[in-house]
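The following pair of complexes shares a single chain, chain A, combined with chain B in the former and chain C in the latter.
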Partner chain A sequence: MRATGVGASIQRGGGYGRVTGQQQYVADIRLQDALQVKLVTLDCARARIIAIDTDAARQVPGVRLVVSAADLPQPVARFGPQFEDRPILAVGETKYHGEPVAAVAAETKDAAEEAARLVRIEYEELPAVFSLEAALDPAAPLVQDPALRPGDPLAGTNVLREHRVGWEEIEAARADLVVEHTYEFPMVTHFAIEPHAFMAAPDGDGIAVWSSIQHPNWLQKVLAKILGLPLSKIRVHAPDPGGGFGGKQHAKLEPLVALMALRAGQPVRLVLTLEETFQAVRRTAARVRVRTGFHRDGTFAFQDVAADYLLGAYADIADRVVSKGSYPACGPYRVPAARILARSVLSHTTPSTAFRGFGNPQVNWAVESNIDEGARALGIDPLELRLQNLARRGEAFIPFDTPADGQWEQTARRAARLIGWGTPLPPGRGRGIALGIKSGPTTGLSYSTVRLLADGSVIVYAGTSDMGQGARTIFAQIAAEELGAPLDWITVVMGDTAVVPYDQQTSASRSTVLMGNAVLRACREIQSQLRAMAARLHGMDASLIAVDRGVVRLPDRELSTLDVLKPGLGRLGGELIGNGEMRKDEEPGHPLGGSAAFFEFNCTAVEVEVDEGTGDVLLVRHVTVSDVGKAINPLQVRAQDEGAAIQGLGHTLMEHYIFDEAGRIRNLGAIDYRIPTSMDLPLELVSDAVENADGPGPYGAKGMSEGALLCVAPAVAAAVRDATGLVIRDLPLSPERVWRALRERDAAAAAVTGAVQPASVPVAAATGGAPSGR
Partner chain B sequence: MNEIETIAIELTVNGRRRALKVAPHHTLLDVLRDDLELTGTKECCLVGECGACTVIVDGRTVDSCLMLAVEADGAAVTTVEGLAIDGRLSPLQAAFLDKGAAQCGFCIPGQLMSAHALLALNPHPTLAEVQEGLAGNLCRCAGYQQISEAVLATAEGADR
Partner chain C sequence: MHTFAYERPATLPEVVALLGRHGTDARLLAGGTDLIIRLRDGTLHPGVVIDLKRVAELCPAIREEDGRLAIGATTVMTDIAADPRVRRDFMALAEAAAVVGSVQIRNRATLGGNICNASPAADTAPPLLVYGAEVVAAGPGGSRRIPIADFFVRSGQTTLEPGELVTAIELPLPRRRMGAVHVRRSRRRGHDLASVTLCCGVDEAGWTRLAYGSVGPRPVLAVDESGMLADPDAPEAARAEILERLFTDASPSPRSMRASPAYRLAMLRTLGARALRTAIQRLAEE
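What follows is the complex of A and B.
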């Protein structure tokens, strides 16, 4: 292990606080005299608000403030990262179950809760749409007021946007086999163990806001606009989120708590319950129709993909989820002709937002599963068919985007070897394999400042949010590598917009590459100052001097950084300050506004055993291999890949929202909505990384963290089919759904001989009794 | 609402005697976090499913969101803040760092308390016993393998 740290599994920065309880998440921070806020909601999805009576609530001792839309500055501000459609509190009408109508601030949590119960709201429940069918019905009630969408030809429908990408004419493409199926991906939720938490406090002539947010600088802009304050008067404190996964990217209730704090003239604090968090964020559900044309030899002729994504009542970032998630729908393959149509469909449900994978897992589930169908029909091994079509390094597999940026076949072959692809299986077992790709950030801007202090210690300023992915550790490792300081002499400062320079956002697995490069450049600027300093001290030209990992090389000798720094800074002391900027500009005309900074590429291969009595799918072995370019911290890379794999098993095997007829989530909270526990792991979970140092990040790193989630569902479903013959095109593959499909398979086999092939039995329709959340 | 009637309780938290008056409906979690300002114990589901609020009460793990504070009257309570002695990490805490078991870290106090109690009852657990012992502690970063490795390494280290 090198002392400097890059490539070493050094301990997590911030780890000590995490194992001692000292780490302060938003809800752990105590502000003196903070009022406790409780939200008031209705017991249905869509309703017309007739009257709000707050008298009884105001009588509760300790209550300081009760606000509804009428008490806010008029017109009530709306905000959102793509469309400014979300009001601070519901105006006139609620659009989804759980939308806040009013809020109470009181001296104690008890008083706030009691008062919130006493806010009387007269309302009339209105017809609403909770599914794609209902939302797309020409007679459907509109989710958004068309007045919010002036000049938009789709404003009279619930389709927010349509996104089209393609190349060459698929109609002209000749195919020997066309396989067409439709796949469903349900609503699931992030379930970060830290529920969202917000605080705000008047701060001189401005305001300070605390949020467990991934994008503090974006939040700062939103607040500045709503409050009419300059950016410099909005201080966003963003302590490390206790899990983000995309759910904490954009502003949610910060504008409300900011206005309440200004109104009350004192700090306010709002910590959501887990149930409220379920009603605040979820993944965008999807129905994806895939029509794939194959040549007899297994090469692709075309892909024709139509994906309808079900958004919630406000767009948040979900329309971008749709465009960016559907864009690489053809996968990492050479596809001669392609047509991709994706639609963002609004509904009266929890606003969907970014969630690890950003729209790609939905489409990848469908397209990879359809490829498997084709391979079976052609009698070609599914791995071989994929390898045959896989883009080679440098190939422009998406004609107008970044060429394939990895030796992807290496990743696929390694996963295949680790699962024992092609070796005999015991009876009752099955194997499946899938590939996945995700476009990295298309634009980006990160600044970093690095200070080399007089004693050789280092402070790195980086506006990334460390929500568990370990960005703090990576930046420290980069600074250690570049400046030669020991890791325990490096401090990384994050999460305070008054102190830390601008960072666009923490998303799309960008931070190692974008902020990492900014940190690297800041360190290199310090190296150049050290060279100039050494040149001055030793009376020679700076071009003769090299600085490398804390060593200053003169033509005739080597000096330590401190040997130069101490005399160079002189008696008054001081420090060297370096600034780094990493920018990825927009590309006008590109369908996504910019090409991929890198691709996340993953291959997942699994072996399963299906309990024919219960429908339970047991993961005997799960292999996930990602192309990461360079693992700056292999331990953290492993943790991210395994974590993504297990999160993927959640939506593959157990997770989905269930709605009732009033649009209420019936399985709200931890009892009825299950996520994987330590008892739900594969018997063997193996993660591996391919490292060819061919990424755009420091030392050849690529972004990673999402790849290992992309392929879980198609790999597991293929393995279930291999084991049982069942074809299920609807997630999750819950014991109930698998059990029902097994019974149908057996009934069909008993009733019919030859007339109906097992594969054409509509098992995917066997979705169980409860209405699913599509 | 009238003044809430409070009830006097005494308990030992991380070895320190604490006498305080608590509302009868407040949970042990409320009192630890809000009255004693021991915020290492985390709040998430409030229905005893996620394990983020796990503490040890008289040697047994408890979801502190499900226990009323008055029920803890007279009890000895250990929270995550009680694991390190004089700033020195316990072997379990050190193993969590070594194995990379803490990612976002929010579930980690609960994981540590469950693991601590497990090792006290069963100093040499198998992997299956560790997974079962920690099944009530959800980790959405899903560092379950690293957490299990840390617990097993601690058990092994205790032999040396």
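What follows is the complex of A and C.
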């Protein structure tokens, strides 16, 4: 393979700029005369706003604008990717701690902050719900105004939607063993290193907006609707984000800054603090009850999953997180009968949104842990039990969806080999293994334009956001491969809706497959132009000429792209322009609106050491293997999975929001919300990939980089159990939680008059009752 | 950030005069790793910030004099952790200095700041207690020495008089051989605030000095002079009883979200027992 093309581990384009501070993030861009914006919030979650007095704030020198809902166009616009429920500023009532009630724009940040403190808000704190129990209480205050949900039978509850998927009758399924337990997944936040940042400026008869957004084209649509402007008058600049992880997918404060810029008649700028970011985005928490029916030989009889996801005060994209995340809850297995019920439950907390894994890690944690409990109860090796039930390539493991699209057993066996599965361990150590699956994009639309310039250099236009995942490098590698240009002669232009063609979104690990195919098709269109050009130059029929990966093949010789391009373009020069489109249409009637473009499949296997004195869980070795189809850039593939694995260790070992009685996040900010540092990495981290070129993307690639996060928690918990006998069904596995479980284990053992009691798995009879009414 | 006046005095008398003039409205700036955070989050809004970095008498230094190792108040953690004299005679202090904050923080954070902030979780406090340090304070009445055991009151509160500031921390050079170690508990291995910070020293006369923080309003020193604790051959039950007695002053706050009182108290015992073993071993290796 050539050193720069497909399959080469070249360093990420722009990587140097990222780590040396040269890259311009939104907060680095200076617009002349930009006003600084500060948000005004209340010190509680839910409150009725009685009066807002902005007089004192307006008196602060340098203050130019103070707005509350009353100052916005009426009725105050609401927006959201699924439900238009989020107002630009709180109207009459705040629904979560940190919801903006007013905003100040001033000449300096200090003046804006000073004025924000002086906005006097008279309010009455109202009863609120911050947990599943409280939100589901029949007497609970409603988070969403029922008037926003006309005709919805659930409008009188905090359940936003119920999602049901299943096949065959679980009641009819006979099982020798039924294992039923409930698992909890905490609220965690994305913690992107780049703060969320927004700017807007009047731009002729339209507006220009700068945002750290992942979906610039979607934002353009939202702003066009709110401002009543045609799409062509909304220019979204979306510089490469510094980490997004889903938290930057959808519009948040852009409508507010856009309206403020138009009102002020000059640019405005808002950069959130880390604390404000915690209040803006988080992952959906969940409680998942799993009932797995097993036959004595370890094969599955049925799966029954009931997942309650705790959303925030506005839906954002979180109800889709619930439906799509719970959909493959039964895992990559042959399950004869299945019933999945997932509910989106609103609460007076930070709105939850997309986050790497998109609702799957929550159910994966529960179901994989449950399977592990079943394997141990049956006395079957947890790896063997999984392999025994694992869908083989081509099997329709979800009956109405894309069949298994990989030789997944290779991935599982590779991970098992790399962790040394089955080899002896020293005392205090344990191993765990788990499988993860996630449905890829169900719909998609990406356009790309590629220009082959007169000197053979190339410009690729792609509306993907490169937030660190390396999409720029992948597209450049594809163009280099197809057009025969050196990699450093390729420029990839992204993040400007006035220049770059439409892309639906950067999410669901789609860009290599969907935008990658669009880039490939644009390059192929240029190849056919080259073919016609060569035919003209050499006076032969185009059917005799082939263009392949930068080489023009005539019947008697091979020419380079440039050999054809230079004489072909002639003295006036010019360029060749190719356009590519990749579309995955909706499928009416499909539970998710479309089948999976591909599946992300991962196997994670870990070895841990548990300190029984402190409860510390030390990752001695962490192996993550993903089925990626084809690694266009193996270095990036490995590194993406390393990042996902470490991010997964965050919610597995240490991350979670802590609330007080008023619904305020107590551990707001970096001091008391801990994410893994370089000191917290596994002593050894092995990231590997299986490549069978069996994906729908260019050269057989599949999407990847979420897979390695999916099943970190169940693998680690299984290893902790292997080391200690403890079964822990709550995350994170913090030292204190593990220590408490150890103490309970020892107390129980002491109670049995000195006999060491094995950690027992409560086993219920196979009754196949109705799902619990939670 | 609230606005404040900024003073950058050149001499110690000028600092004392400024403190006299502004009283509690003034805050001292050395490394700034505690102060700047609290200025930014608005929990402190002083009228004047007095920058100590240009004060001639306060230049960072570690000096050996009159049987003592004197560490200037503005000496940063990185330098303390790396200093060969500290590492030779006061290893547990070097260990504690090496786990305060992150690399960047340790390059700024000063020993004087760490003790004057008087956080119960200050990592340098337990070793200073074990080594019997003295705090040198300057004020309107001149200079005085305060035993470190009499210095801490509660979080943010010391026994410094109004108008006083710390100029140095002095450690008496050991007359008896001692093995000592600093250990701590935090929520992750990467930089974090301690939920228990502890130092144990065992000397050749058989005394055990145990100091711990983050389990009450101020760091605590407890001493066993019986020689039993330091003697691995003494009856296990008797040793356990003595060790337990050393922990009686621990009273962790139930309000903290970093660790529950039950966990802190249990970890105090786990860490105490482990540190005692290490200290005995280090003494034997001396």
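Here, the second predicted complex is superposed on the first by the 746 of 774 C-alpha atoms of A that agree within 3 Å, B and C clash if a C-alpha of one lies under 4 Å from a C-alpha of the other, contacts with A are read in each partner's own complex, and residues count from 1 in each chain.
Heads up, the rule we're going with is that contacts are C-beta pairs under 8 Å (C-beta built on N, C-alpha and C of every residue); 3 or more make two chains touch, one makes a residue touch a chain.
These numbers were taken from a predicted model, which means no experiment stands behind them.
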item: Touched partner set for A:Thr614, first chain B, second chain C, both or neither; value: second
item: First, second, both or neither for A:Thr20, with chain B first and chain C second; value: first
item: Contacts of A:Asp110 with chain B and chain C, given as first, second, both or neither; value: both
item: Partner chain in contact with A:Ile317 - chain B first, chain C second, else both or neither; value: neither
item: First (chain B), second (chain C), both or neither touched by A:Ser734; value: second
item: Partner chain in contact with A:Leu274 - chain B first, chain C second, else both or neither; value: first
item: Which superposed partner A:Met654 touches (first chain B, second chain C, both, neither); value: second
item: In the superposition, chain B vs chain C on chain A residues touched; value: B
item: Touching partner for A:Met679 - first (chain B), second (chain C), both, neither; value: both
item: Chain B versus chain C as contact partner of A:Ile671, first or second or both or neither; value: both
item: Interface residues of chain A shared between complexes with chain B and chain C; value: 110, 671, 676-679
item: In the complex, chain A residues that touch chain C; value: 110, 113, 613-614, 653-654, 658, 666-667, 671-672, 674, 676-680, 734-736, 739-740, 743
item: Interfacial residue positions of chain A with respect to chain B in the complex; value: 9, 11-12, 14-25, 27-28, 30, 60-62, 109-111, 114, 190-195, 240-245, 271, 273-274, 467-470, 635-636, 638-639, 642-643, 645-647, 669-671, 675-679, 681, 685
item: Interfacial residue positions of chain B with respect to chain A in the complex; value: 1-2, 4, 23, 34, 37-47, 49-50, 52, 79-81, 83-84, 89, 93, 96-100, 102-109, 112, 130-132, 134-148
item: Chain A contact footprint on chain C (complex, rising order); value: 1, 3, 185, 187-193, 257-260, 263, 266-267, 270, 274
